[in-house]
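One structure is given below, encoded as structure tokens.
Chain naming follows the written order as A, B, C, D and E, and within any one chain the residues start at number 1.
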Amino acid sequence: MQPKERTEPRFELMHKIMQRKMARLSFIVLLFIIILGIIGPWIAPHDPTKTYYEAFMQGPSKEFLLGTDSIGRDILSRMLYGTRVTLTVAVMAVAITFVAGTLLGVTSAYFGGMVDNILMRIMDILLALPGIVLALAIVAVLGPSQENAMIAIGISSIPAFAILIRSAALSIKSSGYVEASRSIGSSNWWIILNQIIPNITNVLIVYTTLFVGSAILETSALGFIGLGAQPPTPEWGTMLNEGKDYLSEAWWLATFPGVAITIVVFTVNMLGDALQDIFNPRGGR
Amino acid sequence: MTTPLLEVKGLKKLFPIKKGMFQQPSFVHAVNGVDITIHKGETLGVVGESGCGKSTLGRCMMRLIEPTSGEIIFEGQDIRTFSKRDMHRTRRNIQMVFQNPFDTLNPKLTIQRILSEPLIAHQIPSWERQKLIEETIEIVGLNKRHLSRYAHEFSGGQRQRIGIARALILRPKLIIADEPVSALDVSIQSQILNLLQDLQEQFALTYIFISHDLSVVEHIADRVAVMYLGEVIELAKKEDLFRNPMHPYAQALLSAVPLSDPDEKKERIILKGDLPSPSNPPAGCKFNPRCHACMDICKTTVPELKEVDGNLVACHLYS
Amino acid sequence: MTDVLEVKGLTIKFSNGAHSFTVVEDLSLYVKKGEALGIVGESGCGKSVTSLAIMRLLGSNGKINGEVNLNGTNILKKEEKEMQNIRGKEMAMIFQEPMTSLNPVLTIGKQMSEGLEKHEGMSKAQAKQKGIELLTQVGISRANEIFHDYPHRLSGGMRQRVMIAMAIACNPTLLIADEPTTALDVTIQAQILDLIKKVRTEMGMSLIMITHDLGVIAETCDRVIVMYAGQVIESSDVRTLLRNPKHPYTIGLIKSTPHNSKGQKRLYSIAGSVPTPDEYPKGCRFAPRCDKVMPVCLERSPQLLDVDQQSQCRCWLFQEKTERSAVSV
Amino acid sequence: GTQSATPSPNQQVTDKPKTGGTITVASPYEVDTLDVHKTTGGNESVTWNLGASLLSKDPVTKEYKPYLASSYKISEDKKTLIFFLRSGITFHDGTPLTAQSFKDNFDRIMDPKTKATAALANLSPVKNIKVLNDRSFMIELHEPNAAFLDTLSTGDFQPLSMKAIEKYGEDYGRNPVGVGPWKFESWKPGEGVTLVRNEDYQWGDPNFENQGPPRVDKLVVKTIPDFQVMTSALESGSIDIAFDVPAKDIKKYRNNPKYQVLERMRPGVPLSLWMNLTKPEFQDIQVRKAFNMLVNKQAMIQAALMGEGEVAQTLLSPATLGYDKSLEKYGYENNADEAKKLLDAAGWKVNSNGFREKNGKTLTLTMLTMPKYEKTAQLTQAMLGEVGIKINIQNLESAAWEEELLKGNFDVTLMAYTAEDPDVLYQMFHSSQIGAFNIIGLKDGILDSLLTKGRITFELNARKQAYVEAQKRLLKQAYIVPLYAERYFTVVNSRVKGVKWTSLMPAFNDSWVGN
Amino acid sequence: MKQYILNRLFSGVIVLIGLSIFTFMLIHFIPGDPVRIILGQRATVEQIETLREQMGLNKPLVEQYVTYATGVLKGDLGISLKTGRPVSAEIAERFPSTVKMAAASLVVAVSLGVILGIIAAKYKHTWVDIGIMSLATLGMSLPSFWLGLLFIMVFSVTLGWFPIAGGTGFVDLVLPALTLGVLMSTTLIRLIRAGMVDVLSNDYIRTARSKGMNERIILFRHAFRNMMIPVVAVIGLQMASLLGGAVIVEQVFSWPGIGTLSIQAISSRDFPMIQGTVLFIGAIYVLVSILVDIMYAALDPRIDYTTKREGA
């Protein structure tokens, strides 16, 4: 039999994303936003922390394309600078969730029994604890800052993530190739690293994208308790929070960051959906 | 007689069925006191209906699951007493081939990596690995080019060859094959059976061949154990069993095989009912509710596995 | 004898996205009243797809061409609404997987009576009575209790009996059984085959039995069609096929079953593996595995032609013999 | 808006008052308990109407007028106050108000079992209360304290019915019984409290025209913490009066005949930038002066209050006794150039990175703040940043902010302090209060004596003068940077007439519902 | 079944104990001194110390916890530092309005979820499906207060349909329930669609079709219940979090629920109240998850809690 043409798995994934209309659009928009995050500081028309005393809370104009905020800073520039901050916070938060959640979920699933019981009870406790209490506590211990907001968001989503990963890992654990691997004498950690983790990557990728979306949303909610980025660092969630009291007087304050957040979360979710679809052909397309 | 390669004595495996935290658990008697000996170079077939404990027996024999009680004597030593290290070493000598070639190969790994896994686990030096892998892959009828591919790029038969290569690569003495061909098409099945037979000759392998397909077992096995509800009810030389089964269950089993000649009529014993639940088996001979030759004693007394005409059978008819 | 079912030139295509492939090509068959037709072939050759097409139960991505005449009318032309009145009433089907083919959250009784209520216009009580009768007929003791039970409490064999009871409930003229025993143990398989034979003769139904086990065919069927890679490659009555197979694939298949090579150390085996629909070779689809392959086999695909009174075969070996007569027609 | 120093005129009463109807008021503060002894705040909008105080303070002149007391005397040593009660006053449950009631109330507060924590703090100047006869009693103070009169004019020491307290026990907070113009009817937690007119009320507050029972049948006090919801409720007509409407929302009600805006300066210390004087940077007056000159107060008002506030050049807001227009000249004008010179002179030179540096140390300060002052904080940060002072804002939730503040863990902070009485300056700046509320660690002997003088002087004018002097001292030394004074806004639907400010909040003794 | 519930309750209690210890540790790490908050700014150092002693806050943590825990065992959640009333009474008072909102939102969420989810599944890969799913994803991407404010702007201020009055009557309930319901439904729509698509590809659906059942019967009799089995868990979790208070939406609409109570407790460092609300929310979580399991058994006859296999 002649060898079949093979595409590298990595490119294949890219290819599959590009095949789907919504996914492609989302991917391009997201890419665009990431690029903005990288080059934002160079293309921003103003200093994001500079106050223009003569221009407090002005609507969009030629000089200030998206208007100014209540202390006279250019919203466009703040948004451009804020892209990087916002995305970093979300990505780092999810990274925390990802590492801890995967570790806990896989360990729990693989070892089962007592280990599983204890870990899952702890997850239960964390799940039953209102997120805001947890967030406050974390900030209390570590002090308020953007990094700690990240940590708080990261930690508070660990239980949900770990439980999802656990159930994914459980189905892999009972698969034939794990038993086969045990039968040839591979060690537990070898099996976890080489048999289980590679086979939950699909699930991991999908959940991670979905969690990125909610992490961004949570950042904006954490602004409520002053836990976001420390001023004058521009960050979308904080900007949205600042602007929400002025919806009727100055719609542009909240609208632009709000729309930006929604777009990012939306595209990330769309991408997550597409990935889920790609990895699980039966459930979707 | 030579010393057996593997001897299983009184092997039991009970799976607990959890009820409540404060209640006595009840048990599934998946394997219920099995005694079997296997000699070097022979093939022992194990047949029986689904759920009768064939796979559990196979897994217990290489301590993939820990038996509840009994002895497993491999080359004269009871491996149940082995430490983790010793057991690991012994694993080199006992390998397994699994039923489902679609499920037992990790889809994320190349064949190269799948085959190197046992070598790494048993610390075969890396310079020897590649040689072994290439050698083995050719032995099972594939070639080097296939090594860089993933499992999904192979047909069922080819995957099963890879599964066999994985079992073979450490050059074990005993291979436990748990329904290795039942997921395969008829035309592919014969290829794999031939391959297994060839390998047996080439490497002086000993097989425990688990299957529910009697014609396959008839073809490949030297001796056959018939299991029913966790117990061996007949253990006989293949020729004897297929010509003249003694246990009524074995008789029924054999007569149930459809014949591929429409004119060849035979007396068929249609069993009543299904396999009873292994957690709540009937008293006496476990087969008695479905047996066509059931006597009063069968309902009360468990028959023992006894030698009759050189074979073993557990039935009151022969006492 | 009239044909209960006549399928002509059935072609089935699947498409996913831009990509489309033919899984069954130009398949014709007929089933006479009271007759049992067997279809054998290896996994993936299109047996199930064919039976689903006959029931018009293929998913939306399957495209069917050709004719399926049931009792003289082409059902491919019917509205979905009309089909709903035909399915279960005039033709019924038993599926391979008894474990998953029953709805786990509905009682056996509910699942049995809904067909009776719909097709026979029975009341709940009548349907129940009939349902229990049917369960008894397929050899389920305690039919009264089982009627109210959920599927998960039944063993595979019992479930398959329930499936059969459901299928024969409205006395269909045609019963299609798609590998009804592959998932079952031999002893249970024997029970089920016995049962199918019994109800068929009792009720005078026509049967299509799909399987990959020649033994099952030998036991239950009158005529057989052998499929390979989406095509019918041989068709004849059971005895002829088993005693005197024509097509090299059929020959290989029969020879490679362990049962037929008793006493031989090695089994006969067909080299290579079954192609999937997207890699069907040009020419004869069996050619790459065939031990009697000729140059023409690799180039042109043979026709399914009569070899003798009883059988048809799609093979160049037989093509030559009959070519003249084929040309003259 | 008018920039008057006095509370804006109350509603003009032109029509003839009517009786009947319901007034629905919304306040953003959650009511915790209606037991004034036990409350930690937030319930004044209810308890102020339920009860009455010994004295009533004129919101404009700051004069104390007798209310429940018909008169009072202050002893020579200013340590004893004697009160004579009006006759015929009864609690809502019918029990008569006597001197003993005050004594019993006092004892209840003092009893640790009551856990009357906040009230206990309010009464801390009191040594004892002695009943002289049925209608008069004597309050003994630890030391002279003019500010204590203010406590007596607030709802904090309103008499509660001891009979009701005994009857309801722990549940008294849900069944309050006072002597005020309104009687308690019901309470739905989280939603609001319903009060009904006290028909027996004949001991009218001297600040009101109507000395008898209120004209309106019912007064409903709702809790609506969210301003968006509050304004939406106001506009939909489901509430008549909104308390504490944010400055940013006021403009749209100002010129709308459907509403009337009642406004008042927030009394006490205006929002200020507090410099931690224990830090070496701020021990140099030049630096403090420079800070005073660097802030653009008008811009802050614009940003934080949309212009609805007043530049503060003094340490008491115009609504507080002790404020004097003449003090404004001691304040500092925004003058960045001058400030730079001062900083240079103090040795804080601009380095190559653009930051001020002295002896190798850059001028980097931590500003502790809470979300409420976010905008002002950021503006301050920007303004100071322009001359090379680096401010790191640390935004804390209010409880945590307060704790850090009291621990002195800050370089600068933003804080306003609401207080009716100028004695607040004593708490904030007297050296004896270091470790308590003198968070900036100010030790200034001259100031201390002025503040003490203010505390023990009962005569209004003299007292005012003491605080004017104290403020002069604070301003000259540039110990603090006053920024701006906020206003309280109450928006009233025009159908409700005759709403009047008391010293604390609007009250409804004179009010009625029009068409 | 009874035995099973007992077991679950038992492990639930363990979770609650863990939770209470955890919260107890946590709140004592949060900066902000309740004594200060209670006494207000005029308090002297001595007063603060006395009160601290009175409240037992200067004792070792372990001792404080033991005191607290014994109280809880006797059904006493302590006295709120802020209102001076029993924590349990405060919670009990707020609970009805929380339940009201939870129930209303759930009705909105489930009806939207079921209707739109099934429509999307039925018309999968058509524009209807893409439209519904995009909307659902959009809903998931909206910050919750954003949607709430939008609803206030549109339905309350501009159209005047549902004036918000800060009460808990029907009119007041509409908008918050709609906000929460819409937000929650986004997850449900997606789940239900996926579940429906999945269930419709099952063998037993084909069986039903082969019996000639019509599409409506197939959707509602054969597919719906099977589809709901995995969805019930999510609905349960949503229900639990709603009963624990939807903090942000409650704040946006000034809804006096448990969520607001817990937030107020935190900001006023009302330790017994924080502890009480956390425990209460935890208990709800535990109870709801037990309820979900019971629902599972009701929906899915295969689930039989009297015997549970180990492993597998």
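The rule is simple: contacts are C-beta pairs under 8 Å (C-beta built on N, C-alpha and C of every residue); 3 or more make two chains touch, one makes a residue touch a chain.
Keep in mind the model is a prediction, meaning the values are calculated, not measured.
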item	value
Count of contact steps on the shortest path from subunit A to subunit E	1
Label of the chain whose CA centroid is most distant from the centroid of subunit C	D
Chains linked by the largest number of contacting C-beta pairs	D-E
Most centrally placed chain - per-chain CA mean versus overall CA mean	E
Length of the line joining the C-alpha centres of subunit C and subunit E, rounded to whole Å	52
Separation of subunit D from subunit E, taking each centre as the mean of its C-alpha atoms, in whole Å	39
Distance between chain centroids, defined by C-alpha means - subunit A, subunit B (Å)	49
Where subunit A touches two or more other chains, by residue	136, 140, 247
Subunit D residues counted as touching two or more neighbouring chains	228, 396-397, 400
Subunit A-touching residues of subunit E, taken from the complex the two chains share	11, 14-16, 18-19, 22-23, 26-27, 29-31, 125, 130, 133-134, 137-138, 140-146, 149, 153, 157, 194, 197-198, 201, 244-245, 247-248, 251, 259, 262-263, 266, 274, 277-278, 281-282, 285-286, 311-312
Complex contact set, residues of subunit C against subunit B	42-43, 155-158, 185-191, 193-194, 212-219, 238-239, 242-243, 252-254, 256-262, 265-271, 273-274
Residues of subunit E touching subunit C in the complex	202-204, 206-214, 217, 221-222, 225-226, 229, 299-302
Subunit E partner contacts - residues on subunit C that touch it in the complex	52, 55, 57, 81, 83-89, 92-93, 95, 97, 100-106, 111, 114-115, 118-119, 150, 152, 163, 166-167
Contact footprint of subunit B on subunit A as seen in their complex	3-4, 6, 175-177, 179-187, 190, 194-195, 198-199, 201
